[in-house]
């Protein structure tokens, strides 16, 4: 995880499941956001990441924390790439948090949000604080106790007064950084 | 599990993975056979049944015991029904025992071997002894210790002398029963 | 857990392990404190509670959170009641956070701190915030994710300005309650 | 495990728990015997070995297989060495198979049966077949599936006809070896 706190790029989603309206990071501002990137045929996602995301969704009040799944298919597109495939998977595994299908890049490669977030694979977790800044960027499994501690801390952080000017893209009180998006 | 020991009906398989030649129960006679029926989107299969089948495949010498997977798709046919879907799944989960795709019934319902074996769902285990008789017919998860004990016992059972007449279908020294096949 | 936040009674400890000086709750003020009450022959303590306490001790910086074990022997006193027994146990299980032996009551019954904290059995967790107020009073196993979330939140809570009058015993901004101590 | 199959030396036990009469290996001849050597403060025994032994005791019919615990205290004698300590432990962990306290050697060292069996530590498993021959001699954790398979096989092995001469001590159809006992 980089020490600089950057704002996450916008979600680029082809279809949404488990939500009546499309989600944007802006609409979630004020809440902690856990973005969980997965693939339905990724063993580590199925055995660890997704059950953890589902438990987070049950544990935290929705006004404090939003769990958002992102189906970032970067291999076996013919099998996992369809909306029907993901719907069947989500039904069988009883996942009920919002899940977006990351927008394909048109060449069967790495989908667009996955590229913009610079994820290294699945499962990946990106945690945004209440101001939308990236506070964790993690590839692989992460321990319940450590993740719980971070989220508990972020949920309790106060928001700055409403009148404050928003931080410029890539800049905050820690300094300025190159933008994350390509 | 019924107390009578019946012979299992023939496998009806559309495609085989992880084997250069199609398997038949006859060709496996003399070895204990563990038939593991699963679906790739079945949580209990993915978390328990398939890892157990893979460990059985590694534990027992192949001349003593054969693990055979059977992809018995009875729901979400559009997602799980293709050979490509199963190949991607088998690749990601690193399964290397022979797996057959149960023959669809032509009406998107219960596939043919699943019908003939009278399976109640997935995961299901059917264990055949060295003479091809059904010795376990189990739906759901089964404990490692109990399964290991049964298989160890079956592996050690002697075969009857070669000259013995084979048992009539549906009849053995326990009595006679209705045939399993429809 | 009661909704009122009370201050915990003082620790009454016969001997301390893993600390050069005896601990008091006053000396830990300013840090979150996790009191873990256990018995060395309590299965739930050995399989769940103590490994969780040890992981908490490793996860949080010591200036933020203190894990304190409390050996609250209320049965099998002849076996578990000696300092040597606890030392052998702590050595074999490689526990390295401070552990106090709760002061026996002189009649082989419930030891004194356990009485004062009104614990129902072992394992029990009592969590104090940075001001020493009881924020969790839990009997039995508790989930890593839930515990992590609470502790992360408490660690991030600001202390009131130094000049503030301390809350009266048993009273805080939630109301007044009977004192916890007998 | 050595490839030669030797007969196990006699048990030397100071006290027995969970059995009205002392056990001898001779009295168990005809059944498979699982000797489980443990210490009550040994983490691997408590988390893995003893629960496995308890499940074996429940799984196999008593006329087929006998689980026998052996408390082989070779360290922390003052804490674990008493009958009362073991009784409290056995009560709390709800173990109900016969358990013998290995006879101390009089110098607070390795107890006598542990010496005679040449155990390397705890947990250790020694498995005897129906003729009393050592078929597994294992230090550390062992997988349920592998152990189940071995025991299932041994339970199914036929006994030699009653008129056969017993194998000489240290000799069997595999050859002759030095005796195990010192």
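Going in written order, the chains are labelled A, B, C and D, and every chain counts its residues from 1.
The criterion applied here is as follows: contacts are C-beta pairs under 8 Å (C-beta built on N, C-alpha and C of every residue); 3 or more make two chains touch, one makes a residue touch a chain.
This is a predicted model, so every value here is computed, not measured.
Contact with subunit B and subunit C alike is made by A, D. Counted as hops between touching chains, the shortest connection from subunit A to subunit D is 2.
Where subunit C touches subunit D, over half of the residue numbers in use are shared by the two copies, so each contributes mostly the same positions.
In this assembly, C is the chain whose CA centroid lies farthest from the centroid of subunit B.
Counting C-beta pairs in contact across A-B and across A-C shows that the higher total falls to A-C.
The centroid of the Cα atoms in subunit A and the matching centroid in subunit C are 36 Å apart. Rounded to whole angstrom, the centroid-to-centroid distance between subunit A and subunit B, based on C-alpha atoms, equals 40 Å. Of all residues in subunit B, none touches 2 or more other chains. This structure has the following touching chain pairs: A-B, A-C, B-D, C-D. In the complex of the two chains, the subunit A residues touching subunit C come out as 52, 55-56, 59-60, 143-157. Contact residues on subunit C toward subunit D in their complex (touch as defined above): 41-43, 46-47, 75-76, 78-80, 82, 84-85, 88-89, 92-93.
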